[in-house]
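Mind having a look at this structure? Questions to follow.
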Amino acid sequence: MSITNRVTPTSTPTQAGRFLDVRALTDTLTANLSAEDQTPQSMTDASPAKWHRAHVTWFFEEFILRADPSYAVYDETYRYLFNSYYEAVGARHPRPERGLVTRPGVADIAHYREYVDSAMVDALERGALDDDLLALVELGCNHEQQHQELLLMDIKHLFSTHAFAPAYVDREADDAEVSEPLTWRSLSGGITEIGAHRGPDAAFAYDNEGPRHRVFLEDFEIAERAVTNAEWLEFMADDGYRRPELWLSDGWAHIHETGWQAPEYWQYSDGEWTTFTLSGRRRLALDEPVVHVSFYEADAYARWAGARLPTEFEWEAAAATAGEARGQLLDPARCHPGRAATSMVGDVWEWTASAYLPYPGFVPANGAVGEYNGKFMCDQHVLRGASAVTPSGHERVTYRNFFPAPARWAFSGLRLAR
Amino acid sequence: MSITNRVTPTSTPTQAGRFLDVRALTDTLTANLSAEDQTPQSMTDASPAKWHRAHVTWFFEEFILRADPSYAVYDETYRYLFNSYYEAVGARHPRPERGLVTRPGVADIAHYREYVDSAMVDALERGALDDDLLALVELGCNHEQQHQELLLMDIKHLFSTHAFAPAYVDREADDAEVSEPLTWRSLSGGITEIGAHRGPDAAFAYDNEGPRHRVFLEDFEIAERAVTNAEWLEFMADDGYRRPELWLSDGWAHIHETGWQAPEYWQYSDGEWTTFTLSGRRRLALDEPVVHVSFYEADAYARWAGARLPTEFEWEAAAATAGEARGQLLDPARCHPGRAATSMVGDVWEWTASAYLPYPGFVPANGAVGEYNGKFMCDQHVLRGASAVTPSGHERVTYRNFFPAPARWAFSGLRLAR
Amino acid sequence: MSITNRVTPTSTPTQAGRFLDVRALTDTLTANLSAEDQTPQSMTDASPAKWHRAHVTWFFEEFILRADPSYAVYDETYRYLFNSYYEAVGARHPRPERGLVTRPGVADIAHYREYVDSAMVDALERGALDDDLLALVELGCNHEQQHQELLLMDIKHLFSTHAFAPAYVDREADDAEVSEPLTWRSLSGGITEIGAHRGPDAAFAYDNEGPRHRVFLEDFEIAERAVTNAEWLEFMADDGYRRPELWLSDGWAHIHETGWQAPEYWQYSDGEWTTFTLSGRRRLALDEPVVHVSFYEADAYARWAGARLPTEFEWEAAAATAGEARGQLLDPARCHPGRAATSMVGDVWEWTASAYLPYPGFVPANGAVGEYNGKFMCDQHVLRGASAVTPSGHERVTYRNFFPAPARWAFSGLRLAR
Amino acid sequence: MSITNRVTPTSTPTQAGRFLDVRALTDTLTANLSAEDQTPQSMTDASPAKWHRAHVTWFFEEFILRADPSYAVYDETYRYLFNSYYEAVGARHPRPERGLVTRPGVADIAHYREYVDSAMVDALERGALDDDLLALVELGCNHEQQHQELLLMDIKHLFSTHAFAPAYVDREADDAEVSEPLTWRSLSGGITEIGAHRGPDAAFAYDNEGPRHRVFLEDFEIAERAVTNAEWLEFMADDGYRRPELWLSDGWAHIHETGWQAPEYWQYSDGEWTTFTLSGRRRLALDEPVVHVSFYEADAYARWAGARLPTEFEWEAAAATAGEARGQLLDPARCHPGRAATSMVGDVWEWTASAYLPYPGFVPANGAVGEYNGKFMCDQHVLRGASAVTPSGHERVTYRNFFPAPARWAFSGLRLAR
């Protein structure tokens, strides 16, 4: 991705501290995982936890440390093993076989992390990095935050395949809670500015969040909270998964191929619905936002509810005026959404009606990091908000998350518009 | 689809004449095809010619004639056999097995066509149809025109699989022609109205062309003609199919899975490029517009050319001010694009940068015809213009054609914007 | 295949008559089929009826007529289009796409047949063929008989995919019949001679039926008739398809992948079992031999019955002493097994316990016809006997038919041994 | 499998010693493997090393220890997780997902092994097991030895997918050696006894090795040594992989689907052939037996050489008279074949021409262990001998190994007959 917004240069200690904070969270998140847990890949879309740990480290080594000719690369084979999809960097290990790379092991990767951390902190503290490289450091920190979320999504998926539902983190059952009744907020249309600001004082944003540009919106209403599990059960009880008129053609075909009758991770047995969480299998909490639904399901639900999904432009216009409140963001002791509340950011990512396309005037960054976002702008769908596994500080109103329509392993829910 | 625009009621003879003209063209187009030619299905996306002939007939019977309780259905099994995708109508033959339905045969289907034609003309001449049904007649005529194009696309694909390249229509080689040099037209941005008019005086349009609504456009330039075969050869010579930086990630993966190195139907042998046409295999005409490229290829070409594809809104804004000239539309004696000229409508469909999504306020029609367009609004890409196999009178500036990104069997090309 | 047994030279008129009789039966069998019926291929294993008609004709042209340099080949493209699998002959149309070759059509192929018939009769009547070529004529006649059976199997499969069960031949329902009670015949073991005789006086046999050789057999018993539909229903009622201990591992996996719960073509509705026949869908006749079962099912049934399948050697040893009686062979007005009677030859092919492997000393013929049988000796299973769609005169006790374990579209049943 | 041959009861200490020796070798073999190495499954046919360690332990627990009602099962979930394919035992984890079961981890499995070892030794030393259970102990020991070989095959396959060819065991390069010239041994035919003896004094054999029975053999010759890498290179140089007349139809199709041009693990670069070994990638040793070829390739090679594969009966008849010499068996410091020598047992498994079918009179054992061998007797091919990863003492002349025709990850080579 391109660095559309330069971070204002700040004192070196702060930068190193910011860097180390991000790095430390990754280590915190993998502390509960054995070497065995960190090795497999439960599907092509997912990656092993130890791969995530190495890949985010390689990102700093590849794009920042290698810029210094005197830097001694830790292991030349890692470029091949831990490049994700950067064609400009060269050949790389086939994605579907990441789970077969048993070597380096977890201990080797911990050592690699320390080596790169030390070199990075040294460079940051020496003030050896120019503005372009400092911008790449900030990109690398955001990149690692993004992978923290992916790592938790992937571990959840991996553990869900286990017949006996292991827990990633112990957690008490929540107290009974009652979700808010569904209310609507009205917004007036007209020309609206969308996207991240750019410039010396702008906060970090990915290249795909810009340029900031004008769109014309009609008047619309947007729900004050996300759709809940209780509401989803009503949809199911009303034959939501069996009525073709509610579904896009692709979605109808997909639920027949897959046999989907409920969101990912849900199971019905002994007269009740449970769902798999990062704390093992739990009784479904009715007042929580529904999560792990595909775009197809979100779209069908909206049609059933006599509403629709908001476009990403409507969503952003609404969020920009919704205040600073945040729902549940990543808490390593929880890793699960809170109750469906009025905040638009947090708890669950929200599918929008928008295809993931470049904004007018979008130009990817020069160099390999130009592949970060732009080349995926095809047949993906934008999600907005943030989830209970998004690291705090990584969320923002202009953030454009994206997944293909059938994807369900992200913490994805929905909010209605009309 | 919904009938967003009512045709002004006109005298019955004219309606019957319009109906019979459309019906006659289908018969003209299949006159060259044997019973054997009309039977197979060369891929799931395609349908047998005899299926097309029966399906368009069933459309009139299902949605218009059955409204009259006294109408004697020709054969009750046809509802199952010739329903395409209307869930509301009921169960139907699996699409991938249309080529296995040998009975009814070609002669039976001709008889079915005559039976329905007779009942339709009778109803039209008697003035027995109310405005809603007359609107469905007009929809049925457009539907049949759309299938005339599909039938030719499908026959071209079928014949292309034959090792000895049979000709659907004999045609002399064109004289040498020289395409226009590429020039650009500048358009100013601002709020623009997009989509088909609605109302009693409005011409026919599909429901997906409305509602007419406002969009905000930036200033842009658009090429005065489509990309030619000569230009495509330059792209290929410049390693266009081998440079990952030109491609969307999905496209790069797709050309590696498929081995694509050139547009569909092209072959290189004995030192020259040929392409398969409905008149058999021909030497590539350099000044013709490139045709049978996927969205992936169109997008990569545009990037290589330092340009981009227009959005469908830019395209429509440009076309609305481009005059009435038309490129090659369907001529049963040709069935092949003309030279790349300045008209935006005709010759080849043009991929746009836009995903196929509902316009703001879009509501599908009531009833089964509501499935015509809306349920396909997912992971498809809009093409604008019309092609050399689009029946004359079926083309219009607001027309939204759509195909998935990898599709190449439509007569699809591209025009640049920047 | 090699011509292991030379036909005793006989008078030319008789040879031509034999040839024309075989050819005429093919025409009889396709007289009921429209051009549409003869075009599609309902699965990769099957071929279009018009392809069968052309391929058997090409066999005579390729291997006999082309031996005469003065022969004018009918159409050089047919070698590519109608070669089945003879690598030595050269490139050929991909098997899975035989159903897309609409040209030549049925009328063209009829003309091709006449052309080749005329040249063949001329050569035979002139006595122009040497012994090697005459042996190939006999091979070609057997080849065409084999394809007559395949043509009927393939048409049955094609018609079975039609939702409304068309009939290939009209046929009255059989009178109620009662099958024989199951009795057993005991045979003593020891060294037994197996396989076809060779030499100047020997009747025709395929190369895979020789050399005649010695095998050592233990004492065994063999059932006097094939397993019936009534017996198969008992197996089903006793959870035959749901008890893993009855099944080979591959078979158990296969019935779970496919969902098989009954033989091919069986359906249960309105309280009764029906099966699709070449006369349309019919109520299951309890006293008929079960047909259209896979090797997996035959093997599981035998285990359920406390018995086993005979080896092909046991089968042949038993058949060699079973008399000349024949069950139902091909009758164009019936095309369906008779009741399960005591004959070992006719009605249904019988799966054996033997893998299809070369006999000791087996050597395929020289030349392309050496590919007829030998190269398929891997992972196929031998069936013995003959079926109700085997042309009379093509059956013999040493005949080795073979199919992969999951195949069900042949007229395949079983007989028990112990 | 059934225990066709009872081990003569011996003193308890010896039995416990035998048991512990087998168990210890498994631990020796996994001592070099990290937790990460032991977790993944590189293909469906393979299993994780830690799964092998747990499964062989479960075998003793399931079939022996559970027979004692007072035995406290270690963990009830292990029956589900570590049952391989015993339908009679109940539901089990899907085979293709064995690599996703990260818990229990390596340390848990080591503890499980200790627990079961302790209970087993206790039972053996107490003399608590009756003859049936003692026979199952011997079966369990053979089972574990079989999995020792599988574990090494699977690790080799896993490591071979790594771009940088890790070594399982360090090993010096062998000195240059020269293989023996190919000579032939003649054997006279007639009735021969095949299969393992049964009875109180008989050594252990699997159920599929019996009953001992008579077969009739023709005279034949068999090569005195296996085919070497040098000879295989001649086959390749003579276009062995490009001449259809050498191949079975299935094999020819398979090498085109897969692109095989050489045995598994071979690579050509910088002007020389290398192969992946358990000591990393090595230069191909010309005088070693070729290994990791499929049945298809072995069969094609034999045809090219003007010979054929021996039947398993010929092989056993020859081996029974070939003396006691053994080629390379499992040496944990080597794990690689020795030079191709005259011994028929050791170095590489040898494909035979025989399908894996039951011997006359074969009856699987009662109970779940009856599933050990019999249910796989379909579309597999018998290999005889033993390989450089077969534990010493597990090899015998009547042993019937079996794999599907395309399998190459076993240490499989070939010996010619004619």
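Going in written order, the chains are labelled A, B, C and D, and every chain counts its residues from 1.
Going forward, a residue touches a chain if its C-beta (ideal position, glycine included) is under 8 Å from a C-beta of that chain, and two chains touch if they have at least 3 such contacts.
All figures in this text were calculated on a predicted structure; none of them were measured in a lab.
Engineer: Which contact partners do chain B and chain C have in common?
Structural biologist: none
Engineer: From chain C, which chain is the farthest off, judged by mean CA positions?
Structural biologist: Result for the farthest chain: A.
Engineer: In whole angstrom, how far does the Cα centroid of chain B sit from the Cα centroid of chain D?
Structural biologist: 59
Engineer: Compute the distance, rounded to whole Å, between the mean C-alpha positions of chain A and chain D.
Structural biologist: It comes to 46 Å between the two C-alpha centres.
Engineer: State, to the nearest whole Å, the distance from the C-alpha centre of chain C to the C-alpha centre of chain D.
Structural biologist: 38
Engineer: What are the residues of chain D that contact at least two other chains?
Structural biologist: In chain D, nothing touches at least two other chains.
Engineer: Just spell out which pairs of chains touch, all of them.
Structural biologist: Pairs satisfying the touch definition: A-B, A-D, B-C, C-D.
Engineer: So in the complex, which bits of chain B are touching chain C?
Structural biologist: It comes out as residues 34-40, 42, 50, 77, 80-81, 93, 97, 99-103, 105-106, 158, 161-164, 166.
Engineer: Under the touch definition given earlier, write down the residues of chain D that touch chain C in their complex.
Structural biologist: 85, 87-88, 191, 213-216, 218, 244-245, 247-252, 295-296, 299, 353-355, 357-358, 360-361, 370-371, 375-379, 405
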